[in-house]
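Look at the two complexes coming up: subunit A is in both, with subunit B in one and subunit C in the other.
Moving on, here comes the complex of A and B:
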């Protein structure tokens, strides 16, 4: 029976990889293609998770909702809510250099964390929201996990194709132009803050969707479900290691980092308790060090961004 | 509620915590203006300073005030070391890459603190200190010392920046790094001096935070937002602005508990930050906007 447990674990890991891949693709739109520093990924993730939870869970006393709506309404709602949070932040901060956005997104993630922890009527604070329906969740355990994996993979595929298409379009070219030479892009008449706002909102909506998929997978969401700094930072290292500006790299980075992260957790859980706690922080130290090493020795990541050089038009006969 | 109560329960604690923010915000404003990036590891460097102080206090049995100079030197060395090992080679790359590296450093420094000192709250001294009564205004000695030490450190820094050769070089590099380089300013040395000052100020902020409240691994990180709010409120690059900004943010946070639940103290700093970026991004004293 060993291999069934192993297969179950692999499916579980694959679902997480797909969810993180959505976050990584969202960050790639913001950082990879537009150069925006979002340090509040966990905040948008949490907004998505809680929005979908409130919309789809059955009615409960003492808190808003639940409204018992179908899951897809919750997922769309999660994207809209994350986008609505991103809009004012981006509106204020994107006129300036990305440093200001970094600080403001740290702030917004912190405020979101405070609201989730202390507002009983909205999020049921520490107890969290339970009974979140999972699509096809009535099947037996293994089938249900596989079905959910199929759903998140399908969503990831659709998102990937849409982002690829968007990036290959004139819009994508314009975004890279803004990222690489803001002044030149502005001189060409591009509305730089507005375009950045588009990318920021688009990416944040994907992070919200990732949060919603996470909440439905766990069937519950509590303030402790994710460590905000670690979650945000993991997505960053995934994207940088995989290759920012390259969507396949973004997904590859997720798989590599998530496998390392999970396996190291299995290893450290074997330690006696007093060391296990310390080992948890050692892992965080090493993931931070990994970022420094990637930035130093392979800043372009495993799969670098396509250079965008094209054959001269005359020679291809077009 | 009488004026005395407002002063005792809101103004004095606000000024104390504001002085701590000011010490941090001065460092942030220097890094922002001279090195031109937002240093996100600033809070965690302060945490490290506070815990290094705890190490000295418990190992040597000295008072935290005596440990302060040593801790400032130690943290300055750590700050210079971090710059040499991690930030220096990113200097030619877009500055935002260094911001990202500093986020990683923040996690690494905090992880070290958590491994070495554990995750439980600690204090420098045990027991409750009763506040002294000065004509109805109640102030603890440590609170008075925090405010006075902040003023002394900032005055010393201002004298250094205005009068000394290296202080002038720092200001020149802040105004125009290329021109400073052409005029014979050794940029590398200026960077090192900046980190020495920033590291020392960070340590002082952390130590006074630990002295007035308690030592926790997250203490510095939760101070990051108010410190940045203070730096931007005062005007990036303006040392006296960072002090004013720190005091305003500190007092505003304490006052906010009159209208808002205490949990949302941190939201005050965030609101100030967004408001300043919206209406006057140069800050009160006309600083830089990067």
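Moving on, here comes the complex of A and C:
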């Protein structure tokens, strides 16, 4: 591969890593710190992507909007919409214990996917929404890619710092306590359902933001992008492999899995056509195998949850 | 302080608590004894609000709290410990204590960004209080240990320590001595007595260790088959025929 093509590809991968890192951080808040088994990441991703798409794309016939608003309005809107959708879902589903919550959220994500796929007036159904503006998207290709990478990296940095600080605060301590022992947390006066709902909404808003960044990067969004394999289960694998309960682990897991996932695609694409199609399934197998190995030999992930006192805000010397 | 009135808890046909009525005076350490399956822990769960009773009422500080959730009861100073330690196993011992105080400034979402100074001052107070608690329980050396790594006895102490992190008024202790070695047990007795005298905690104590009951508790209530069998001082209860019968050959005073 020519070096410029290689550099372009690296930038392309890095952008995806940043987007997935947002999903992974969102899931880390829900699962890693609060113990909520959300198996419907794709749903919140989709809500974010489509909300921003409708808000920022130019007016089009036959569907809602577009409203041609600035991209940042779309991104904030994406977070708000994902949070608003998460609220009733959380209200209903968080009463279930972990495995039932997983089933319920898979169902909800599927409902969202079907609504998007079939509601012409809202999402233009299978044709999807196109002409989504990308900030600094008028620059030449390489520059535009680099600019977008800078934007998503800056957003990821802000989100990472925000989540870290939230988890190091008494709020995070309370959440980890709820995760470790719900009955005891309740007996210590914590309003468990309300706090879980907070974490669920917070995490889902980040997933919505991830969806919006994806849509603007692609300049279009179609229902095919809401595939539970790549938008839900891949994120789970990333978080578990990286180390749930550790935000740096969550990001590291994204980088490792995404590099394997996309480089293996290049490899399988080199095969003759009839094998290339089959080889695609080999990639899923490869990721599954990796998950098995991690769970068997390093269940806490590459970077395990920190033990010992976090640098709390109020740490006073002993 | 606490009045339990004709409380019933039935699981299908089985009545774990069956028309149980009792009252607990402020400032007392009330012992609750009875053979296994007498309904003691179920009664605790009802008083603490872990689940609602089938029928009957619970009054605390003159108010009916029957419909109140566990966390609301905690805010009224009604605090419990668990028979099987319910520590937050991936949190440190220090964090286990620091999470307890109610209404902490940093418990609101984004407070750590918006009102950082307030959160920090609040954390310092909580940290100080947790250190005092650890010193009282002589657990300072394990402050930074994960709570899941503690010994059974240390976990029992931690359970007691959590009740000290709030302004408790009535503390329900469920078998604080079970699985605790002799030396630690005497220490535990001491701590409970001090908390009762100096902090004015009222205790209800479920225990099978009769020595501990004898030393600490007045009055003693014996339950059997979900009901109160007899209430009185330890000597009276111990001598009562019905109590001996309830234990059915189990030697009173034998450690579990």
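Throughout what follows, the second predicted complex is superposed on the first by the 305 of 318 C-alpha atoms of A that agree within 3 Å, B and C clash if a C-alpha of one lies under 4 Å from a C-alpha of the other, contacts with A are read in each partner's own complex, and residues count from 1 in each chain.
Going forward, a residue touches a chain if its C-beta (ideal position, glycine included) is under 8 Å from a C-beta of that chain, and two chains touch if they have at least 3 such contacts.
What you see is a predicted model, and the numbers here were worked out from it, not measured in a lab.
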Considering only touches as defined above, state whether A:202 meets subunit B (first), subunit C (second), both or neither.
-> second
Is A:147 contacted by the first partner subunit B, the second partner subunit C, both or neither?
-> neither
Partner chain(s) touched by A:260 [first = subunit B, second = subunit C, both, neither] | neither
Considering only touches as defined above, state whether A:174 meets subunit B (first), subunit C (second), both or neither.
-> second
For A:295, is the partner it touches subunit B (first), subunit C (second), both, or none of the two (neither)?
-> first
Just subunit B (first), just subunit C (second), both, or neither: which does A:190 touch?
-> second
Considering only the touch criterion stated at the top, classify A:11 as touching first (subunit B), second (subunit C), both, or neither.
-> neither
Report for A:165: first if it touches subunit B alone, second if subunit C alone, otherwise both or neither.
-> second
Which of the residues in subunit B end up touching subunit A in this complex?
-> 32, 37-38, 40, 86, 89-90, 93-97, 99-101, 103-105, 107-108, 110-112, 114-115, 119, 221-222, 224-225, 228, 232, 261, 263-264, 266-267, 269-270, 273-274, 277-278, 281, 289-290
Complex contact set, residues of subunit C against subunit A = 48, 50, 69-71, 74-75, 79-80, 82, 86-92, 94-96, 98-100, 102, 104-113, 116, 119-124, 126-128, 131, 144, 146, 162, 166
Footprint of subunit C on subunit A - complex, ascending | 162, 165-166, 168-171, 173-174, 176-177, 179-181, 183-192, 198, 202, 245, 305, 307-309, 312-316, 318
Within the complex, subunit B is touched by subunit A residues 35, 37, 39, 89, 92-93, 95-100, 102-104, 106-108, 110-111, 114, 117-118, 229-230, 233, 236, 240, 277-278, 281-282, 284-285, 287-289, 291-292, 295-296, 299
